[in-house]
Structures are given as C-alpha cells and as structure tokens.
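As structure tokens, here come the structures.
Common to both upcoming complexes is subunit A, partnered first by subunit B, then by subunit C.
Here is the complex of A and B:
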C-alpha cells in the first residue's frame, strides 16, 4: 500500500517563522504559508488587500503601517492578501520551544489563527496560522476575483 | 460574710467557667481553618483561598493579545512559560484603578491557571470556617455571583472570592 507519509513534529524539528510587529505586538507566521511579499505605498494600499489588524482582532484603536507589505497566501481554498508591517526577521524556531497558549486565552486566540507563543526574554511572540486566519475571516478569494 | 457553702458555690462556678473556656479553646483549635490570601482592589479588601494562589508576582510587561475580551489583559512570561493575566476589577465591575502599583496573583482552579491582576497583597491569614459568613443580600450584583463568603479581619470586611466562577466568567465572555 502506498500513501503520503504524514509530517511528524518532534524534538529538533524547526519552523521557519516570519516575524513582524503590529501596533506593538509581535507576530510570527509560518514562512511556508507565505507565497509572496510585496512592498506597497502606505498611502495607496490596494483595496483587495485586507489590513492584518482588522482580521486579527485589534479593536478600538487606529493602527498605522509605517512600511506595509502585501503578504499573499495561497491554499486550495484560494488566495488571500493581507497587509502586514514589513517583516523584521525570519527565525528558525525548534518545535519544542513553542509554548501552548494558556487555557483562558486559547479559545479566543485560535479563532484569530493564534495558536502558540514564543517566550523571548521579556516579550512574547504570537505564532499565527495565516491560513486559519484567512478561513475564519472568510478572506479566501478565487484568482479571478482579485 | 461569705459562708463555706457560698465559697464552694463560687469555686464550682469558677471551675465550670474555666472548663468551658478550655473546651472553647479546644473547639477553636479543632475548628477547620481556611488559609486565605487577602488583597486590596479598588479600595476594598478581597481574598482567595490560599489553595488557589500559586505565586505572587510583581506586575511586569504584559503582552496584549488581540481578539480577546477586555477582561483579559494579555500574556506574561513566568520562568519561560506563558501565562494569561485577567483584570479582576473589570470582571467584578469595579472602578478602574489605573496608575496604581499592581501585582499579579498566579492562581489556579481545577485545570485552569491564570494571573489575576490586583492592587496590593495585604496578608496571608488563617480564618476559622465559622467566621466566614454568607454574602449579604446588599452586596453589589456585579460581584455577588463571584462571592464565596465574607469575613472580618482587623475590623475590615473582606470578601472571599470563588476563583472557579471568575475563570468561568472569563471563558464565557
């Protein structure tokens, strides 16, 4: 019998994460989910690109992007374009250094695609699943719709 | 002039009183006690059962997390692990106490663990179970559902809170 072996995650497995900050909070997205990044003019962000802060749940305050980039995600569900702040780093993080979110936070965070955290000195990086964010935010578009 | 019979009577009474007091002492010693961690919040005194409080932490940088209810302040790092911090004042519908020095009680109920932001830890004391009374009917409705009882300490009224109900409220927010 032939089949596709399931990917396994264990000690030593690393995730390549794209780190960016929005309004003082740091996020890390799986680089494998990102199809492309494209700089854009802060004054003329294309209408088909959705600002990240709007879908991730920042409410009640205006968020400005100093150096916005359009992050394109592709999946079987379609294409999603998000406006994010220009990534500051790409880091390789061992699987075991990811921390699960506390029980009180997890149900809310998972709805926004946030599924783990990285404790880095005094700050926390929120690890986000961009595909899940696109799905829960109903952001997938077909190629012809964009 | 006191008669021998009177002295005997007073001796008996005194003896009875002493015996009664000894019994009371024994009762006091045997009476179940509840250890509580007392703290101030928005000018009033509250307490959690000591079994719920794991650690008292100075309030350090809290990383906000989007998409969560306003009663969740964010996340903190405790020895490499990530813990949530909830705003007890908001849950109890108390006036905001911004600008004051604050602390975080790392607390647990069942399988749920979280930091709880308070103003100041006041004391850790043992309270006899009999001294913990039911919450008065006059208690504010915003707090009443989270109250496990009330007791007096140094002339002040202290409200004992039910952590399980507080965490349930956050989860349902």
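Here is the complex of A and C:
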C-alpha cells in the first residue's frame, strides 16, 4: 500500500476490495487501484496483458481462465494490464478485518504484492497490492507503449 | 468129382445116348413100318372079307333072329371066316348086333368062340357112334391088330359088325430081334467108347491137373497168402495152353492191378485221413457257424423287432416332420411379417433419431444463445464493475451510481445464475438427447440387428422350410426304407432260419460224412490188409508199389484219424 493510502485508511474505515479467483485461490485487490475492466477473448489474449498467475507466482502449473478479463491499473508509474478471472464481487471490508500475514511467510508474500488476509468462514482471501505487484514484476508501461 | 471123371462120364453118356437115340429111332421106324404094314394087311383082309360077304348078297338084314346077307344066313355059318383064315391066316368074326355069330376063333377047349358079346371101345365106336374101329386087343391072351366095320341094313341102321384080326407077333418078331441086337451092339460100342474116352480124357486133362497144382500153389491156403508171381507152364498150344497163357497174363494184370490197388489203398487211406480231418474241421466250423447263425438269427430277430419299433417311431417322426414343416411355414410367414414390422419400427426409429438429433441441435443453439446471454451478462457485469469502480472513484457522488452498478451487477449475477441453471438444464437436455440418441442408435442398431436377424431368420426359416420339406421327405423315405428294412429283416430271419436248418442238416451230413470217412479208413485198412496177402514180387511177402513193377516198396503204416 502506498503511504497515501495508509494515511487514508484507519480504524473505522472500510476498504473496498475487488474479489476474484484464480485457480481456486481467492484474491482481493483494492478497487481504487483498478482503473477499468475489459473483456478478453480467452483464445487471443493481447500481448500487453500479463496473466495474473504468472506474476503472482503460479508458474510451474497451467492455469485456465474461464472468463478472463483485462484489469487495467493506472498509476504515476504507468499503466499495467493484468489478465484476471472475471471478478466475483466488490466488497467493503472494515480495516480491522484485515489480518496480517504470518511473519514466516510475510517477506516472501510481500514480494508478490500480498500483504494481508481476510478470513472467511473456512478460507482466506489474500489481499494483494496490484501496484506493488506491477512494480515487482516491472510491468508498468507507458501510455504510448501500449 | 473130378472134371476128368465128369468128362469121361459125359463122353460115355453122350456116346451111349447117341447110340441109344440111333437105335431107338431105328426101332421106332421099324415098329412104325411094321405097324403100317400090319394095318395094310389087315385092311386088305377086311376088304377081302367084305368082298366075300358081298359075293353072297348086296344087303344085310336080320331075319328070324339071324343075320342075313342077301339070302345067305351068317349065324353059325363059319364059311367066310374060315375062308379068310385059309387065305391070309389071322382071325375073322361076324357079329349080329354085338354078339359073335360066325368066327374062326377057337377057344382053348377047341370050340368056336360064338355067342360071346363085344365090349369096350369097339362096341362104343360101332354101336353108339356108328363108326369103324381100329386098334389092338388081346384075343384069347394073344395080342392082335383088330379092325371092325359096322354092318348096316337097307335103312342104314347098324345091325352087326365085321371083324378081322392079325397076330401082332407075325409082324414084330423081326423087330424084336433087331431091337435086342441093337441094344447089345449099343452096349458094346458104348463100353468101348467109354474106355477110349477115359484114356483120352486122362491124357487131355494132364496139363489141367498141373494147372490146378499151380493154382493151389498160388492160393496157398495154409499161408493165407496169394502168390501172384507163380506162372503156369504152357505145354501145348491147345485151348489149355491158351488158358495157361491167358491165366499168366491175367496174373500179370492182376499183379499190376493189386499193386495199383495197394497204392490206391494207401492214397485212399491218406485221403480218408484228410477227409476225416477236413470233416473234423468242417464239423468244428459248422458248429461255430451254427452258433454264429443262431446268434445272427437272434440278433436279426431283435433287429427286426427294433426295425418294427423304428418303423413306428419313424411314422411318428414323419408326422412330427410334417407338423414341423407346417409350423415352420407358418413361422416363416410370421417372421416375414415381423421383418416388415421391424423395418417399419426401424424407419420410425430413424425418424425419432432424426428428431432427437434435431432437438439436440436446437438445444445447442439454445446453448449458443445462452452463451450470448452470458456474454451480455458478462459485459453487463463488467460494465457494472467498471461503473462501481467509477462510482467508487467518484466518492460520495458516486454512491447512488455505485448502488445502481451493484444492482446491475447482481442482476448480471442473477442472469449468470439463471443462464447457469438454463445451461445445466440444457446440458441435462443435451445429455438426455445424447443418451436418447445413443439409446436410439443402440435401439436402431438393435432394430437393424433385429431386422437383419429377422431377415436372416426368414432366410433360415425358408432354409428351414426347405430343410423341413427335405426332412419330411427324408423321414417318409426313412419310414418307407425302414418298412422295407423290416420286411428285408424278416426275410433275412427266414433265410437265417433256413441257413440254420441247412447248417443243422450240414452238421448231420458232416457226421454222416465223418462216419463214412471212418468207414472208408477202416475199409482202406481192410483192403490194405487184403492186398497185403498178395505176393507181387518173387521172394517178397508183401505188395510193392504199383507204379514200378521192379520197385519193391513195403507199405508203410498210414496214420488214420
């Protein structure tokens, strides 16, 4: 999360998260980081869009997107387009509902943009910072490059 | 009696008989000539007597109890009988009736024999038959040739008789002398011839005696052996010499024959043994044959019984085959109908499959439509997400828009859920369609198979009909054949019974043959023993082989069964 965001969010505030699933794992991204969503033909993914699982570290196994969509992230660093599964929902999560990651895995998770978790009834939604992910993956593109 | 004695006696008898026959013939001739001469004389005397009577008168009559010729009385008048005696000798008598009234016959007392009555054959001839009589008679103990003629009166009635008699001795005295002389000469000649005959016969029979001695030597009863090597001597070239030669030839031939008989006897003995052996084997074979024929007869009787049963069953088979043929024909018709129905079902099934496939195709089209709807829902949802993102970025102003976006997103989710549900249903429909298609195809395959099976079954049933027809025909033929077989079996049984009877008869014949063979063997042994009694080679006691006169071979003991 950026410092601005940290200043914005605090106790009593809610975080609006875009929830989507990739290969059975549920992820949630800050809706504010998402500029837009576009339909994507699963057969012809544009070259400038990077599949989410490749960036997060699902490498080594094949992941099929049932209904892929291109998630556009726009920041000062540039524009990044990730191919994600069609979002399931946009949920508002109280800040205090966010759970920090275990210290053992946090250094590794943070490198992939995952910074917190939300406990559901019997599973965990991994909260991911798409900007950090784009930066870690060096995915930022300029407007003219696309 | 010796033949020499017989020949001598025969010679004497023949000579004596010849002499006797000659003498007797001569005596008979002389006797006949004497008799004829006596009768001629007698007739001459009688004619003379009649001429003397006719000289006295022409007719005879009885007047006053006296016989008259003419007027000349004859009773007690012995002139004419005495005239006859004077002229010729002999006796003469005139009868009035059957009583002597005039005669020259004188009794022993010297009185004329008048007043006596004529009796016997002359009386019958003269007075009963009215015929003359000629014959012999003793008059006063002296034999006479007698001649009686009847005296007839003018009416032809026999009123008396004329008699003339001449002494038989007057004509047969020379005959008696000749007879006695001839007998004496015959005896003398016979005796002389007898002596000569004895001499000649003895001389003639000497070689015959030698032959008899030789023959006795051949027969040799004491040794009970017949020596065929002995030969008779041919002393003369007469019949006896020829007989001796022929006898020698006969002995030679007999020697050869006996040799042949010896050989043949041995062969017969051997053959009898062979025959006996063959008969024994034949009897054994016949016994086996009889047993076999009995078994075959029994089997054939069972076979006949079985054939009868088969014939009955075959008739049942024929009826069953006919029923089967009828049922098969009906079955073929039914199966053809079934095939038509199956073809119809197949066509209906194909139509159903086409409909189901069309339904599946339409369901897929619905799925496509649902895909479009989903795409639209996706796009709607995407728009709703974007709107929500925009609304979020719009802050408080975008809250209502965010609610709308949320509702739109929920609506899109509902659409997704509905389309998912529809897709599930369509999937189920498609699955069902697929299953139906598969099932229909399977059914179609089954129906096709059934159709093919039906067609095949029809063909099979047609073949079956043909086969049933053939089977029925064959069953009929089998029934006929079985009946014929039954008849043939019965005939075979009858024939086997005949054979059995024949075998029994053959067995009996074989027993008889065996008996005959045994008898033959015994006879051969007896014959061999008999021919063994002939000496065929000089110095040998037994008979040699026949095929070589010089070879001396002793008969070996031939084994008999």
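The working rule: the second predicted complex is superposed on the first by the 139 of 146 C-alpha atoms of A that agree within 3 Å, B and C clash if a C-alpha of one lies under 4 Å from a C-alpha of the other, contacts with A are read in each partner's own complex, and residues count from 1 in each chain.
FYI, contacts are C-beta pairs under 8 Å (C-beta built on N, C-alpha and C of every residue); 3 or more make two chains touch, one makes a residue touch a chain.
Small disclaimer: the values here were computed from a predicted structure and weren't measured.
Student: On the A-aligned overlay, A:67 touches which partner chain: subunit B = first, subunit C = second, or both, or neither?
Tutor: second
Student: Which of the two partners, first being subunit B and second being subunit C, lies in contact with A:135: first, second, both, or neither?
Tutor: In the superposition, A:135 contacts neither subunit B nor subunit C.
Student: Regarding the shared-chain residue A:57, is it in contact with subunit B (first), subunit C (second), both, or neither?
Tutor: It touches subunit B, and subunit C stays clear.
Student: Given the touch rule stated above, what does A:36 touch, subunit B (first), subunit C (second), both, or neither?
Tutor: A:36 contacts subunit C only, not subunit B.
Student: Could you let me know whether more residues of subunit A are touched by subunit B or by subunit C?
Tutor: Result: the larger residue contact count on subunit A belongs to B.
Student: Should A:86 be classified as contacting the first partner (subunit B), the second (subunit C), both, or neither?
Tutor: second
Student: Classify the contacts of A:111 with the two partner chains as first (subunit B alone), second (subunit C alone), both, or neither.
Tutor: first
Student: Just to be sure I read the superposition right, which of the two partners does A:16 touch: subunit B = first, subunit C = second, or both, or neither?
Tutor: second
Student: Can you pull the subunit A residues that subunit B and subunit C both touch?
Tutor: In the superposed arrangement, which is not itself an observed complex, subunit A uses no residue for both subunit B and subunit C.
Student: In their complex, what parts of subunit B are in touch with subunit A?
Tutor: Per the touch definition, subunit B meets subunit A at residues 60-61, 63-69, 72, 75, 77, 80-84, 86, 111-114, 167, 170-171.
Student: Over in the complex, which subunit C residues touch subunit A? Could you list them?
Tutor: Subunit C residues touching subunit A: 375, 378-379, 381-382, 385-386, 388-389, 392-393, 406, 409.
Student: Name, in rising order, each residue of subunit A that touches subunit C in their complex.
Tutor: 16, 18, 31-32, 34-39, 67, 69, 86-87, 89-90
Student: Spell out the residues on subunit A that touch subunit B in their complex, using ranges where they run on.
Tutor: Those in contact with subunit B are residues 24-26, 53, 56-59, 99-105, 107-109, 111-112, 114, 117, 119, 122-124, 126.
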